[in-house]
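Attaching a single structure in structure tokens format; questions to follow.
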Amino acid sequence: PARAQQAVRIGLGAPTLSFLPIWSARALDTFKTQGLTANVVALPGGDPSALAALDAGDIDLAAVGPDSMLRAAAKGQPFEIVYSLMSKVTLQLVVSPALLERTGVKASDPLDKRLAAIKGTLVGATALAGAQEIAARWLAAKGGLDPKNDLKVAQVGNPTAIQAALEAKRIDAFVLSPPEGYLAEKAGSGTVLVSLGDDFPLLANQPYLVLAAKKPISAATADLITRTAKALQDASAAAVGKPDDTAAAIQKQFFAKADPQAIAVALKAMSSGVAEGGKIDVESMQNALTFAREVGTNFGKDFDAKASENDLWTNRFVDAAKGK
Amino acid sequence: MSDRLLAFDGIGQDFPAPGTKANIRVLDGISFDVDRGKFVAVIGPSGCGKSTLLQMAAGLLIPTRGAVHHRGRTVTTINTEVGFVPQQAQLFPWKTLAENVELPLLFRGVAAGERRQRVADALGAVGLKGFEQHFPNQLSGGMQKRGSIARTLVYRPDIILMDEPFGALDAQTRMVMQSDLQTLSMEAGATVIFVTHDITEAVLLADHVVVLSQRPSRLLANIPIDLPRPRNMFEPFRNPAFEAAYDAVWTEFRSQIDIGRVH
Amino acid sequence: MTESKPMTEMTYDATDGGTAPRRSISARAAKPLQWLLKLLPGIALLLFWQWASGRLIREIYVSKPTAVAARLYELFASGEIYPHLWTTGQELVLGYVIGVAGGVLGGYALGRSPQLARIFEPYVMAFYGIPKIALAPLFIIWFGIGMGSKIALASIMVFFLVFYNVFAGVRSVDRELVNLTLVMGANQRQLTYHVFLPAAAPFVMLGMRLAIPYSVIGVIVGEFTSSAQGLGLFIHEASSTYDPAGVFAGIVILLAFVGTANLLAGRLERRLLRWRSLSGSGPIDI
Amino acid sequence: MTESKPMTEMTYDATDGGTAPRRSISARAAKPLQWLLKLLPGIALLLFWQWASGRLIREIYVSKPTAVAARLYELFASGEIYPHLWTTGQELVLGYVIGVAGGVLGGYALGRSPQLARIFEPYVMAFYGIPKIALAPLFIIWFGIGMGSKIALASIMVFFLVFYNVFAGVRSVDRELVNLTLVMGANQRQLTYHVFLPAAAPFVMLGMRLAIPYSVIGVIVGEFTSSAQGLGLFIHEASSTYDPAGVFAGIVILLAFVGTANLLAGRLERRLLRWRSLSGSGPIDI
Amino acid sequence: MSDRLLAFDGIGQDFPAPGTKANIRVLDGISFDVDRGKFVAVIGPSGCGKSTLLQMAAGLLIPTRGAVHHRGRTVTTINTEVGFVPQQAQLFPWKTLAENVELPLLFRGVAAGERRQRVADALGAVGLKGFEQHFPNQLSGGMQKRGSIARTLVYRPDIILMDEPFGALDAQTRMVMQSDLQTLSMEAGATVIFVTHDITEAVLLADHVVVLSQRPSRLLANIPIDLPRPRNMFEPFRNPAFEAAYDAVWTEFRSQIDIGRVH
């Protein structure tokens, strides 16, 4: 359709590969076919900054973790999840060779044994109280450890800083999304011990990164979101269908200085999370809430997966996009 | 008394004495008048409060007791009708000599052309031609003091307060400048109060010599000098009346001050 | 130098009326009034904050004074804040002290030697201009994720401010006085102690004051980047868990640090620069 | 004031030998040598960096000079960097100018009025001590995610430094000179222009110099918090897309900004403080 | 000549003239000697380079041409064997008067008890007892200058360089201090070079009076004064030989200087 190009402003908490649909949509330029140009705003200040920008109307969509979104919603902020960018937890637990040596654990060991190895470790995360810390503590609990006292979590900065910390033996482990695990293995400074989304069914089906919009959503905005959703779906399909080409495109345009292999590996590891084309259902939402409860997140309010449909989250736009 | 321009009326001044809670009494009931167009010289021992008196006339200091009246009004704030040549030259170090001297004219809104002319004249009169572009720290002590005098004379204030204006000058230069000052006063009718340590200078220039005592300072004498004008600054001792006047002041100054003080 | 007397203060400031004797009387009576005047803007600010919160701006962004006070009470009552306080306090003090010491030494050395200054000053400025947050990985490798990296960051921030102030101060010292002191037979140590330090004191004190808030900023930035404990971490956590009262409670505690340090610096300054106040041009008083 | 002459420079600095006439001859011959001396530490640093990269520390953390140079060439050749440069340049200039203007005005007002200073100075110090990064969401709400929030952050940083320097500078002005000027008939505007500004110039210039790197830090911190374009974003992206050469290339560009501004400020300073250099105690030269 | 302590040998000094590329020649081939234990007075018009000469003797300025020799060695760096009383008092503003005067003793490692005693004596000698705790900006101009003199005399340097030491003092105080200086020199054998504008003072105190000319300054005369010591500072004119010596200097000073210079 011959429409004038319209801009959609998307705020991104961190420019990491986990926001795979956004990267591939930009790399393959599926926005263009929807008559859109994507203005991606980096908000490294974290999810609260991204949501503040959404609240202020500086961006149309904020790419954030669902728990930040829910916390804000619990405080009365009028946000709604309109798209699930990543429907599985992509985080991986990467540990230092020293730890493996000390505990005698190998990556091929059964899950219980692997989890037990993290007792007494210092784990690095980009932000405390964020997804990574929560995941680390949850893992400890799953391994039969005391999540509060059996491991320590330190805030270390961006992924490069965390890699540096692991290599300098300042930390014993970290929890990050691909390709950090691959990079650590390649540098010989770490080993992927647990891939959360693959090792736990609960984590394989829940919104891990979402697009949030501010309510009330006008008709024009609804159209914008729908077209964005369509662009993301097309890109996701490409990522699943032609992973190597997509990875190459992403690498060339956005990660030019990174190892192409790393991008390809990361994309393959995460592609199962984008297979659903952004769809959220009651079950996956329930999984997210269950996970939040298990890790002791206190939203200050009880959410119900079913009842909050079309209030906190919606499939309207995903469905509408699919129908196009 | 329409002629009374400035009146010091029972001036007293106390300063806090460091280390103690008490005050030092510096000036103790000083009263004298200055008539229009007259020269008044103030002499007194070092540290007796002469500079303090001048500052009061300029409104820079409010006396603890008594008051200074200027044309009948009590001086309670900066007195912009006087010209003040402070004891230290106090030129603006960030301005060249010419800019320093030009400043009061600038403040008074004098036009640029006239400013230039008057600055050149004033600098010429104090023998500083050729040093226009020097900064104060490139001038000798005596040159700085002369610059300071030029800066005040250039705007021809009604009353000129001078704190030891010629103390740092050699005998020759000093005579020329004394003579100039007399001419200025006679022609422009300027009133001058000046502090000096040189009794010859006081007698030569002044219509009245005010003699102050040791701290706490009282007025020892206010001696009229009735020598005819213009007086010859270059050969004072030729005038027999001068010797008499000199002796009068000297006797007053010396008699009441304890010679052995500094020992 | 004897031209100005205390009372000229009155004439010096055009916006300031009244004669001197009257003023000194009113000054005594006005002590509590002074305090009231000082507190007034603060109270007005708090009231406005309380009023505006929820009206002009969502409470989630700015919290409100009552909530902050409650949170503060809670934090101290539960003891939750003490470990953070302790960590951050140590980091602040160490960072500040190291930075000031380095800055004074470096600034003095370069200030005294024009040769060295010509060579090294551009480099100091360049290092100073590097955005330290861009170098987080290096800091972690070199200083770890414990107190080391925060102390390093804070002391670097402090160093630069103190360095430049001392440098400028030393260079502004009257050379004639220095020469005279040398003629009197002073050695370098005595010259430093009796002439350079007192003469540069206004600049040095200014640098030390400017550095107070920057040591706080350095520590907080450091803790935001990497840490396991500390007020910065506490604030960061509060901000990412949507606890605005916690954020502002943390800031209030930091401000208490800054205020106390500033008060002490003000005392020191008034003491060192007492001679200046006597001639009328007073030191900065807090 | 006439005690010191240019040549006393020689005697003034203990580490400096040689007699004056000899020195002035060698000074002319030594111009290129001076430059060499100036560049030497930088070259040594670069060589060490090149050598250490990959040996002492992984290249991914520190890159290396040759790679950075290549990346710089690439960035300018492809034109990729220009939009970032343009954005950040605007933010820097605006933030700096606004901050300096505000700082000079505020510092002057409070410096001139002890009354106001007594009331407001503690508040200024308190605001100054608030860690701005803790208020990132607030900045976004108030100033948006565009240039506004970066300009605000930079100008706040600059404001405080300039404010305090001007404040201290104005307070250090010799009151006798002020009084004398008033007796000469100066009005407030003339007093400001002819006495306060020149007398406080060493402090004002120091503040303006200190503020240069802080405007950069302010903008970069702002861009690290939120942005769509700018060098800060570029650096941040480079660091998260595994491009260390890009990170350091960005830093080099920032340093070029700082260096240029510092050079200009040095010129200005030498001009304004020419009278001081004549008496021997020279201004800071770059 | 084992008696020659200080020798000025063909001293020339040029200063850059602001605004032009050229230099101003200030001193032009000044040579004279100062013998041990002697008083040398330097007189000359304001701005002729007297202070500059003293600075050279103190090693604060290296002459453009010629050299100063001290005990046969050329002065090329700070000369710590002289005491220097600068033209402006130059007290340390951050130290009280007593601390200022104590400083050179501290530099010389004098013990605390002796320090206290000598400071008290020196301050007493210049009539500043009771002002120990005052900061310089709480003292009058003349008191500051006296403090500066005390600060130099207190450590009893071999050679004392004084730049217009008594210019800011009243006649009485000045006489007492002149007399003290003479006593000091006679008892301790101190050598004194002092700059003055007062010819009476020069003749009264000095063994030699060096007369300098206008800028560019040459040595006009080096006049020996052969009055017996101790001389009476309080009644100089009683001594008939004094008048003759005075006239000799005055003639020299006056004859060669263009009276109309400042006009």
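Order as written gives the chain letters A, B, C, D and E; numbering starts at 1 within each chain.
Everything below uses one rule, namely that a contact is a pair of C-beta atoms (placed from the backbone, for glycine too) under 8 Å apart; a residue touches a chain by one contact, two chains touch by 3 or more.
No experiment lies behind these values; they were computed from the predicted model shown.
Novice: Work out which chains are contact partners of both chain A and chain C.
Specialist: In this structure, the chains that contact chain C and also chain A are D.
Novice: Would you indicate which pair of chains has the most C-beta pairs in contact?
Specialist: Highest contact count among chain pairs: C-D.
Novice: Taking each chain's centre as the mean position of its Cα atoms, how many Å separate chain C from chain D?
Specialist: 18
Novice: Can you give the whole-Å distance between the Cα centres of chain A and chain D?
Specialist: Chain centroid spacing, chain A to chain D, equals 40 Å.
Novice: Which integer distance in Å separates the CA centroid of chain B from that of chain E?
Specialist: 26
Novice: Distance from the CA centroid of chain C to that of chain E, rounded to the nearest Å?
Specialist: About 47 Å separates the centre of chain C from that of chain E.
Novice: Give me the residues of chain A that touch two or more other chains.
Specialist: In chain A, 48, 52, 55, 158, 160, 163-164, 167 touch at least two other chains.
Novice: Can you list the residues of chain E that touch 2 or more other chains?
Specialist: Residue numbers touching two or more other chains: 15, 18, 51, 59-60, 78, 86-88, 90, 135, 138-141.
Novice: Residue numbers in chain C touching 2 or more other chains?
Specialist: In chain C, residues 1-4, 8, 11, 61, 137-138, 141, 176, 179-180, 182, 224, 236, 239, 276, 278-279 touch at least two other chains, as defined above.
Novice: Could you please specify the touching residues of chain D with respect to chain B in the complex?
Specialist: Listed in rising order, the residues are 1-2, 4, 176-177, 179-187, 190, 194-195, 198-199, 201, 275-276, 278-279.
Novice: If we count contacts the way the header does, which residues on chain D are in touch with chain C in the complex?
Specialist: Chain D residues touching chain C: 1, 3-4, 8-9, 11-16, 34, 37-38, 40-42, 57, 61-62, 112-115, 117-123, 125-126, 128-138, 141, 160-161, 164-165, 167-168, 171-176, 178-180, 182, 188, 202-203, 206, 209-210, 212-213, 216-217, 220-221, 224, 232, 235-236, 239, 247, 250-251, 254-255, 257-259, 262, 276, 279-286.
Novice: Residues of chain E touching chain C in their complex?
Specialist: So the residues of chain E in touch with chain C come to 58-60, 78-80, 82-84, 86, 90, 92-95, 103-104, 106-108, 135-141, 144, 151, 155.
Novice: Considering only the defined contacts, which chain A positions touch chain C in the complex?
Specialist: These residues of chain A touch chain C: 46-48, 52, 55, 68, 71-72, 74-77, 122, 124, 127-130, 152-158, 160-161, 163-165, 167-168, 170-171.
Novice: Flag every residue of chain B that touches chain E in the complex, lowest number first.
Specialist: Where chain B meets chain E, its residues are 15, 17-19, 43-47, 49-51, 87-88, 96, 124-127, 132-135, 138-143, 146, 163-164, 167-174, 176-177, 197-199, 234, 253-254, 257, 259, 261-263.
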